[in-house]
Structures are given as C-alpha cells and as structure tokens.
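In what follows, structures are represented as structure tokens.
In what follows, chain A forms one complex with chain B and a second complex with chain C.
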Partner chain A sequence: MVMKNPKLARVAKGARLELVPLQVLVPVVSTIIALGIGLLIIAATGASVLEAIEAFWDGMAGSDFNIGASINRAISLALVGLGFIFASRANLTNVGGEGQIAMGGMFATAAALHGAGDLPLGLAFIVPLAVGTIAGAVWGGLAGFLKAARGTNEVISTLLLSFIALPLVYWSVESFHLLRKPISDVSSLPESAEIPDTTKLPLLFPDNGSPLHIGLLIAAIAVVVVWLVLKHSTLGLRLRAVGLNATASRRAGMRTSFYVILAMTVSGGLGGLGGAIMILGQQFYLTSDFSSGYGFDGLVVGLLSRGSAVGVVIGALLFGFLRSGSINMEISAHVPSAVVLICQGLIVIVIAGSAILTNRKVTR
Partner chain B sequence: MIDEQMAVFIGSGLRLAVPIIFAATGEMLSERAGVLNLSLDGMMLMSAFTAALASWATGSPLLGVAAGVLVAMAVAAVQAVLSVTLRANQLVVGIGFNILALGSTTFLYREIFGPLSRDPIPGFAQLNLPWLAHIPVIGPALANQTGLAYVSILMVVVTWLILKYTSFGLAVRAVGEDPRAADKAGISVAKTRYLGVLYAGILAGLGGAFMSVADSNTFTENMTKGAGYLAITAVIFGGWNPWYTLAACLLFGFATALQFLVPALQLDVPVALLLLLPYLLALVAIAGFVGKSRQPSALTIPFERGG
Partner chain C sequence: MALLELSGLTKRFGAFTALDDISLLIERGEVHCLLGENGAGKSTLCNLVFGVHRPDAGTMTLGGEPFDPRGPAEALQRGVVMVHQHFSLVPNMSVAENLMLGRASAVLKPQDIIVRMEQLAAEYGLEIDPEARIDELSVGERQRVEIIKCLLGDPQLLVLDEPTAVLQPGEIDALLAICRQVALRGKSVILVTHKLGEISRVADRTTVLRQGRIIETVTMEGADIRSLVRSMVGRDVQSAGSVLAAAVDIEGKTPAKPSDAAGPVSPGEAVLQISDLVYRDPHGVPRLDGLSLTVGTGEIVGIAGVEGNGQTELGLILAGLAAPSAGAIVVGGTQVGGCTPQEITDAGVGIVPEDRHAVACIKELSVAENLFLGAIGKFSRFGLLDKSARRKAAEAMMRDFDVRASSPDVSMASLSGGNQQKAVLARELSLDPLVFLLAAQPTRGLDVGAIEAVYNRIRAARDDGLGVLLISSELEELMAVSDRIAVIYRGKLVGELAAGAFSREAIGAMMSGHAHV
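Let's look at the complex of A and B:
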C-alpha cells in the first residue's frame, strides 16, 4: 500500500479508479448469486418457489407494518455496520458486534426499568439510549485498550468479549436480583419486565400502524456523521494513517494507542446504540437471546459495504428486509429460514475470496 | 453421594473436553503453520451433522465418523484455497463458513430428520475398561468412555511427535515463523499450509463426529454451541504447545461441566458465570496476564512469493 515514488503512485491511483466499479460489482454479483442458490435450494425441497417468493415478499414489504418492521431491523444492522467500518478505517476488525449489542440492550433495559421512565422532555428514552451506547463503547473500548496496551489481537478479543457478554445477559434475565420480572404465574419466562411506555421510542407514523420509530432519524444522523468523520475530517485521516502504518504514525507524533482505543470505543458504542434501539424501539423487554444473529448480520453488512457509509445503508436495508422476509417464508411457505443463513454465509465467503480481485492491483 | 457426583462431574467434564481436544490439537498445528481457521466451529458442526446422517443411514457409527471427517476436510480444503492461494482474510472467511455451516446443517436437519428427530442414531458403546475402573474416584469416569475419546489423547501425542520429530513438523514451524526464509530454504509454504489446514479439518471432523455419534447419539441444531471458538481459545491459552493446549481443553471441559455440578451440590453460584468462565480465562490469557506466550509470527498473514 505504501507508494515509493510518485510515478508508481499515479499508476496505482489510475488502477484504483478503474477498480471502483469492481468494488461495487463484486458485492452485487455475489449477493445475486447467493440469492439464486437460495432459490435453487428452495426449489430442490419441492416447495413452490413462487409461493416462497410470495411469502418472502409479503414478509418484507407486504404491509405498512412489515415495511416498518424491516426498516427497524435495518436500523440496528446499520449501526453495527457503521461501527464495523469505523474500526476498519484504523485497520481494526471488530467482530464483537453481538456482544456490543447485548451489552447496549441490557444496560438500556436496566436504565429504562430503573429510573429513566419518570424523566421529562424525552429524556425517558434518551437516557437509556445513552446508557446503552456507553455500555457498548466500554465493551468495544476494552478490546481497543487490550490491543493498545498488550498487543492483543482485536478479532479474538472482541469475539471472546461477545461470548462473555451473552451469558451476562442470560444472567441478568435469570436472576430476580437483576432484571428478571417477578413471577406472576407459572408460565413466567426468564425475561425482564416490559419497559415503561415513556421510555419506548416515539413512532414516526403513529396513525398507520407502522412500527417505524425515530431510531431511523438517529441512524440517519449516525450515517452522516460517520461518513463526514471518515471521509472529510482530520480524525478520519489519522485513523487511516494509524491503520496503514502505526510505526510511521507514531514517528510523525501521533498517539497511536489513543486512536486505536478511540476507534474501538466508537465502534462498540455504535453497536451498543443498535442494541439499545432494538429494546426501546421494538422488543420492549429483554430476553437472553434478543441479540441473536444481529451481530453477525451487522458484521456482514459492514463487510459488504467495503468501508462506505452509503454501502452500509444499502446492506443494512438488504439484510433487514431479507430477515423479515425469511421469517415470514418459514411461517407461511414452510421453507426453513436457514436458507437465508446459507445465502449470507456464501456472500461473506465469496466477497472475502474475491478481495484478491479488488485489492491486488493497488498493491502492485 | 458426593463421590458419586464427583464421578459424574469428572465423566462429563472429560466428555465435554474431548471434542475441544480434537479440534484444538488440529488447529494448533495449522496455526503453527500460520493459518488460523475461525471456521473450526463450522467444520465441527458440519461433521457432527454428516456423521449423524451417515450413521443413521448405514447403521454404522464408524462410517458416520468417516463421512463426518470427509466433509470437514472438504470445508478445510476450501478454507485453504481461500486463505492460502487467494490470500483472503482468514478471519472473515472463517466467519462466513460458520454462518454457512449453521444455515446448511439447520436446513438439512429439518428437511431430512424433521419428523423423526426423536429417534437416537446408532452410536459407539462405552468401552468400560476394567483395569482403569479400579482407580479410586476418577477410575469409573476414565473407564466409561467411548473408544473415540481415547483417540483424542492419542492424537495429541501424534501431533506432538509430528511437530517435534518429523521434517513436516519442522516445515510447519518454519512456515509459521518465517515463511520467506522457509521458501528460500526450499520448503513449499503453500503445500505446508494446505496440509496444516487439512490436518485441522480431519481433527475438527473427529471432534464434531464425537459430539453426535459418540457422545449424544443425536444431532441438534447448532449442537457445537461455539465449541470451535473454545478450541481456538484453548490453542491461544495453551501457548501453541500441544500439552498446554490439552490442559486448557480439559480446563474448559471441566469449567463447562461445573454448570451441572454446581446446582447438584445446591451451591448458589449463577450458571451464567460458569458459562462465561472459559472465555474470561482465555481473555485474561491472551492479554498476556498469565505467563507470556508468543503466537507464530506469520499467523493469519498470507504469503506471496517474491512479493
């Protein structure tokens, strides 16, 4: 990546310009191929492909309610995806989205249940959102700190932190001393009580039955801010410099540890905000597996976007709608939603495998 | 009463450790060659499913294990192509495979076993070795294991011998530490890494097959429950040394078994804390707070000749 002479740099720049379409082409083509394989699998089971597609479409966008629910899913995925690209700007791979969502959701629930409900002026939901964001930020920042202070590989530490966070959520809904709701009848499940109405995110269109909430505005702001910071700020440039060459950055007088911790803290904070929005926006009470799969979906969204905030929005919408569709496909067309997991896995593998196409010419 | 519970605890701790021992031992060798297979969990899950399917279809658990290992090797082969030849990001590829394995096994399980998921599949019998059973306390637990469990310890010995005393082992270590020098010395970096990944695939396959065919005689969705990640953690915890890795696997096995023992002894310790214990230990270990271990220098770094 380091260009030795200006001539070579110009050639490389030319190559990069050519590559822009390829960087869009690869994710698009692999997504189409993966979805095609998904359809083949559905056909192979003997289920009616048309019926499956119909159920899929209905689940994604069949009604105002379904569209709202799909976009709500996309909001959290987009925030995790933004976190991923923020960290990857500093060449850090945050695969701990699941844990950061879990911590964000858990602490947001705790804040909503214990005190925030009586706050005035919208603080009732703003405070839990902030608490969730901070929880995620701490969880991500911890990995950044370990990287900066001890040289611990952030991929492994974020993964381990996820495996630590999930039992913590489980504990919080299992124990009556923590967040579990008091048993009211024999069928009481291990889950928290429902959060107060005042702490639920206000709906954007309360009249038409759509569950779409103001999380959409929060996510939109986050997209713009992350885009501005990464593309048009000194901070973005510094993160990039630290990621590309930590030693050179240090010699140039930058506190590289600070930027590593900052990148992971912001990344984790976005994941925590995503988790908080899941609870305050749609689920309203904490269950032990509320974050299930969102972390990896968000990671895939971040990967697909290739570092672009706009790409994150497209990817998040794609996966938000895919998930809603797959759930309905399972319910009404009896096609296992695992087909969508297969497609997602294929997309990740193909894109990772084709990185050689999109990166190679730049390094040469 | 307490004795009996201890015997059950030790027995279940060992059984829970076996799949991790298999997977971690293979992964250790692959990582020594410089390739990290985050797809380990996917390999195990695919093998667990295939072994259950083949054992059910043929009535032979041995054929089941063989089929499981073959599928895990196939996954390993693709992982090797991607991470060695195409120089893809090893971690991202691994996560992709794990998602794919979860999706495909869940899907196939529902399609094939859906209606008859309650029937146990043919599995291995416990060996019940009399000379082991006479050892006090741990004897019965050691003796009441399937043959495959003993194979896992055998594989640790074999892997240790390969790494220490064979030319292939030397090549593995050289390629993981300094691929350029190894290449100049005439060792094929790509070939060594391919073999390392395939070796990890074979052992992960054995570990996955153990779960379905030897341990539980059934397949359940996502039955590895992250055992592959635990195995990778054990390798790090064990400082890339076969014996320390074995010790880490046993520790994880017993830590997991504690969640059954603690309620039985009516101790008031939250199960969740026991569940996260192995990962917390691992995090402390990789942060370098327990002894100083050094990972192979070229771990996760693709090699490009003459670059």
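Let's look at the complex of A and C:
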C-alpha cells in the first residue's frame, strides 16, 4: 500500500540509502568520542597526555612484537565475538563467554599436560584445541538445553554458568591432584605446570620475534565459516527463522529446540576455542584468572559488530590493540589502564545508545 | 452546533501518513459511522479523538471549546469515552468491582454503582448482573460491561471501535439498538465498522475513509449502499458478485446458495476424520469436548461459532502446535493427532493459521524465504542457499497466486495483509502431497479485494478435489463459501446445516447454545 504513493516510496528509499553508512558511521564516531573522553580523563589524572599517547601507541603497534601480541589478543576476542553473533542469529544472547573461555582453557591445559604432548603431526596442539572447543561447547550447550527444555533465560544461565566455571578453574589450579603444578620450591603459585613445547601453537613468523601464532589462521577460518553459515547457509536461515518466530518455524517443520541447543553449543564452542588458544598460544600455563575479562570484552566485540562477522574482526582488532596499548600506557606513562577500560565502556554505551537511533530508522 | 469538530487533522507514523487533512463534524444526538477498509485510518481517527495519539496538524473542538487531549484521561474528563476492540476488564472480578475500578475514591460504594447500573438498565436496556464474574460472561456481555463503564460518567461522545467484530448475530442487533438509545438521549456515537449492513441499520450519517482521506460523508436516509461500497473500495464491486456483497454484508442477508459455486458439490470419500477430540488447556479446562467431524474430498466444511468456543484450539491441534488430550484425527488414512507439524505436512495437510503474524509467516524474513519456509533445504547445495533458484521459484509462485510485491526479496512485513495471506495460501496450496486444507479465519483483517481472491483460491482448491475446513467468525463468509456448515459451541459440534438450508437465524441460535438441529 505504501509503495503506491510515489512520494512515500521515495522517502522509504531515502531511509534505506542513508542506512548503510549509518551502520559504519555510528561505531566509528562512538569510538572517536569515547577515546576523546579518555584523553580528557588522562589529563585529569595529571599525567602528560602526550606521553600517554606515545606509550599507548608504542604498546599497540610500536614493534613487531607488540603488533603480534595485540593481534594474538584480538584472536581470542574475535572467537568469542563470533560465538556471540552466532547465538544472536537465533535471537539468543550468550553472555557467558568468560565461562566458556575458562572451560576451554582449563580442559585444553589438561589435555596438553596429560598425554597430548607426545602426539605426532601437530596433533599435539590440535587435540588440546579440540578438547577446549568441546568443553566450551558443552558449557554453552548446557545453557541451550536449559532454554529448550525449561525455558530458562539464556542470559541468566550463561552468566551463572560463568560464575561456576571461574571457581572451577581456581579449584583445578589449587588442587595438586588436578592441574596444580607439583611444588618444586616454597613459593609455588597456584597455577598449572607449563604445557609441553609440542603443544604450543606454532608461530607464523618465528624469525622476527613476533609472537603471532597460527591461531590467526584458525580465527580467519572461523570468521569465513561463521560468515558463510550465517549469511548463506540453510542452517543460518533456520537459526534466524527460529530466533525471529519460534511458533512459525515450528509450524514450518523446524525442530526449534534442536536449533536453540545447536546455536548455544556452537557459540560456546567458539568461546572454548578462544580460551584454548589463549593457553596454547601465549600464556602456556593455566592460572586462576587467565581469562581476565576476555569473555566480557569478546561479548562487547560481538555486540558492536551488530551481527556481522567482518564487524567482529574490526571490533576484535580494536579491542586487542586497545588492551595492548593500555598495558604499556600503565607501565611506561603511569596512567591507570582503567582509563582504557572506561573508554571501552563508553564505546559500548554510545554504540548501544545510538543503535536505538539506527534501529528506529530501519523499522520505519 | 456540532458536538465535535475536527479540522485539518493529520497524523503521520514515520513516513506513513495515516490520516491526511481530516475535517469532520459530529452532531449532537447522531450515530456517525466511520466506514473504510483496513488501514484506511478509522482506528487512528478514534485514537486521536480519545487522546491515545496526538495529531501532527489540525485542531479539534468539543462543545465549542478547543479540545486537545494529551491522553485518554483528559478525553474522559471532557466526556469522551471509547470502547476498544480489546476489552480492559479484570476477568476474575465481578461486574460491579470492574465498574468501580478507576472511579473509586478512597471509600468504595458498591451500592452507588448498583443503583446507577439499574438506571442504565432502565434507560438503555443494558441488563447485566452486577455480581457476575467477568470470566463467566460471554463476549457480548463483556462488551456490554465496557459500554456501561463508559456510560457511567454520563459522557457526551461514545466511540466504538469495530464493536461488532466479536459478536454473534443476536448480540449485534442488541448493540445497534443500544447505540440508537444513546443517540436518542442527545449523546453522540462514533461507530467504526466495515460492514455495510450494520451501517444501514443504525447510522444517521456515514463517513467513508480511504487511505487516510475522507472520500465522502453521506446522510443515510435514501443513500445508495452500492455507491458507499464504491467509495470504500475505490472501484465498482458489481462485477465481483455475491461474494463481495457477502463479505461486506450489503443486504444484511445472504444468497441462499453461493451462486459462484460451480464446482463439484457432491463430496467424495472422507479425507479428514476427527473423532471424539478432547483438548484440555494447561489449566485443565476442556476447550474441545468430544468433537467429531468428517470432511470429504471436494467439499468445503465451514465451522461457525462465537469466538472462544474451541475453534482456535481445533486449529492449533490440526496444525500440530498442540497435542489433543484424547480422540483421533485421521487424514487420508494417516493418524495425525499429536504428530509434529512436519509429519502433518507430510500427510498432505495445508494450514492457513488463524494468527497470520504469529504462526503463518515471519514478517522480518523476505517473501521468498516465507514462501519456502517449510522447504528451506529445497534450494541448497552443500548446505549453502541457492538464492537465485529460490528467487526464480518464488517469482513464479507470486505470479501464480497474484502476490503483489516489488520483489521476492522485500520483507513480508512490507506487504499488505491481503498479499501476506495470498503468500501463505500460495505456500500451503503448493504443498505436495496435499489432500486437505485448513483455513482458519482466512480473511481476517483483509480488504475486500483480497477477500475475494482468498475465496476464489479456497473454491479452486475444493474444485481440485481437496477437502477444506473453513473456520470463521464471519457468518456471511461461511454461508457464501461453505458446502456445509457445522456449528461449534463449547468445544462440541451442536448442529449442522447442508447447503441450501443455511439460515442466519438457525445458525445464530445454535451458536448461542440453543441447539435445534
């Protein structure tokens, strides 16, 4: 009926035309505004703003090593972010990335320490990665099962499952019969032994000192696969249908419970893979707080991407580099890294707020 | 002097202009009907008068004073009351308690309410038991409570938004009589409807709206009903024949037998057999109570009944969205009671569900995606969608079923209700195998042109040998399309009429539980 009226049709077309840039514009502008506010806060702490920026830049991309470290951070964030958008395709909100990372990292460590190290042909690190992925998948799938069977809100269940996973990791590194390394001297910390060298992820550029490892390739494959599945596969369409209208999907013959569990399982599996890569790629031993907020940063990456796999890549890189920069800023310029956390929070708030604005344009 | 004067009212929702420069006078003591198809702006106009929305341009005066209600509360204060399509009554409270809601000052005085109710009963014939609980009342009685609630404050203007849509024939007559009584006492009534039969019985004047504009305002005395239809639809409906006349209830009566029903009327073997179907809702209340029904090949069986007598549950069970508590459903030899939707589809059952937006389609998805919602895997290679093949198939289907959309890729939500329903019909009628079609409220909310198309589709399906079960709350529709009408009352079939023996009175009596077969 709307289209009959040429004037209305033109207005509708105009709204669609300006929509595309808006989706790019909004995150970019929000980031710039948030960073600007961050600079003001740095100035308010009394530190030299120039010095802080210099240290920040140096930490992010000052050397091959720093660039590699930043990208390594981005890899795990990207995997959690991909998991988030995968679940959100089925209209499920997986906020349990932290717990899924923890489970993935813990089981990957266990696999690496207990047997995988002796496997041939790269299986030494592939098996722990797979074990970590499965652990995360189970943790996510559990929330999916609760949702499908009992209607439990997945936001609550994934969050609470994280509160279970984190103490589990703590327990595992506290207990000698689990993962805690045997006491060799008096000051032994509650952490696991270092994983065997064979289980560590191979470096991409072993010659130039960059810590960049093959997790980058794994993440790249994950990005392409998730993008294909969500945008171009029958599975993606079914997930979307179930998420948008479960009753209509059920009527059309889809097993809605299956897809809910599947979406959460894959989502959790990607988080578990991210956790496994953190241990095998850069940390090499399990500590009680090894996940330290990566799950929540990954969640933010997923939110900011607005459902796009490419958006996840951009967001993960942004947050990976921000994190590296902030660590260096704290060390060299004595600016609290909390400032960067504040910036991240501001980015989220500004984008979430502006999403309301862009969404309104979409619906009318 | 007019009671309510609207001048230049315009209301936009985003880019969509719902009302465009509306100027209208409502006289004291008149029943003024607003006539128009869905989306013509009738409800928006009511909502402006009642303060639910505020106009983007234009002014209103009420009794000569400027009237610009910022909310329903202010409209109520000025003596404007409205009965919405959906009632706002608390089901587990008594009539008197409901009437006290919102009016009670610190001290409740049930006695005052009861005295006032008696006055209203005497004045308007609005009889109702003050002690009865709302959930024990029929829909018509509940509406009566809503009207009493409105009249308690002695209003100047009563706005009724599609009040007859939920009523059975006898109740409609009573409601129209009440409207006349209200007008006789110098109050004004705005009555929204799309049924012309009612208008000719009750209105003093009628305003026809189309696409947010006033087409004409006519005095009903000596008015030509056909010209009203023309104004409403925007074209001549003579060609469409009795179907259309039935759809808008032009004569207030129906042709004895659908004249366009040229197809085979003698039903063949049974394609759907329901025996002793029982369904209890999660609270244990029986919604279907031993319902038995047979539909043969090549016949359309209509189910008449006041809403809430088990039609919805019957539809859900046939669609596989609810499991029967007892009883059997057999389609073409296959037992399908309690089966999954997929198994039911495989048995050759097409379903046009009652709730188009909640069950039939996913409005955020594209038309093509909706057309193949049950066959997503049909256009795929290695799990990846073959969108161009799907698009081609969708285009062919849209051509065959006259689904009008600029492309198969636009969202379902951008289609009119009629085109959405045509798409649903296209999908369900393209199923293979297909032996039985359930059409539940298939024309609800559709405009006249689309109603015609839906009827033709259903008839064509019947002529192709399908068994069709048509569940509808529109008696005219049932009488125009069905080969046989069964009447449902409290979860049971209480009577059945063969083609040629349809009568409004007989069906109406059975619908209200006075079964005379």
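The criterion applied here is as follows: the second predicted complex is superposed on the first by the 344 of 364 C-alpha atoms of A that agree within 3 Å, B and C clash if a C-alpha of one lies under 4 Å from a C-alpha of the other, contacts with A are read in each partner's own complex, and residues count from 1 in each chain.
The rule is short, and it goes like this: a residue touches a chain if its C-beta (ideal position, glycine included) is under 8 Å from a C-beta of that chain, and two chains touch if they have at least 3 such contacts.
What you see is a predicted model, and the numbers here were worked out from it, not measured in a lab.
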Open item on the list: Under the stated touch criterion, which partner chain does A:Arg240 make contact with: chain B (first), chain C (second), both, or neither?
Closed with: second
- [ ] Scan A:Asp64 for contacts with chain B and chain C and give back first, second, both or neither.
- [x] neither
Open item on the list: Tell me the contact category for A:Leu146 with respect to chain B and chain C: first, second, both or neither.
Closed with: first
- [ ] With the two complexes superposed on chain A, say which partner A:Glu51 touches: chain B (first), chain C (second), both, or neither.
- [x] neither
Open item on the list: Taking the superposition on A as described, I'd like to know which of chain B and chain C A:Ala248 touches: first, second, both or neither.
Closed with: second
Task: Comparing the two partners chain B and chain C, which touches a greater set of residues in chain A - done: B
- [ ] Check the residue A:His232 against both partner chains and state whether it touches chain B (first), chain C (second), both, or neither.
- [x] second
TODO: Find the residues of chain A that appear in the contact set with chain B and again in the contact set with chain C.
DONE: none
Task: Residues of chain A touching chain B in the complex - done: 41, 45, 93, 95, 146, 150-153, 155-157, 159-161, 163-164, 166-168, 170-171, 174-175, 296, 299-300, 303, 336, 338-349, 352-353, 355-356
Task: Contact set on chain A toward chain C in their complex - done: 1-3, 8, 11-12, 15, 228, 232-235, 237-238, 240-241, 244-245, 247-253, 364
Task: Contacting residues of chain B [partner chain A, same complex] - done: 38, 78, 82, 86-89, 91-93, 95-104, 106-107, 110-111, 226, 229, 232-233, 236, 270-273, 275-276, 279-280, 282-283, 286-288, 295
- [ ] Spell out the residues on chain C that touch chain A in their complex, using ranges where they run on.
- [x] 13-17, 39, 211, 319-321, 340-342, 345, 351, 353, 358-365, 369, 373-374, 376-377, 380, 383-385, 387, 406, 414, 416
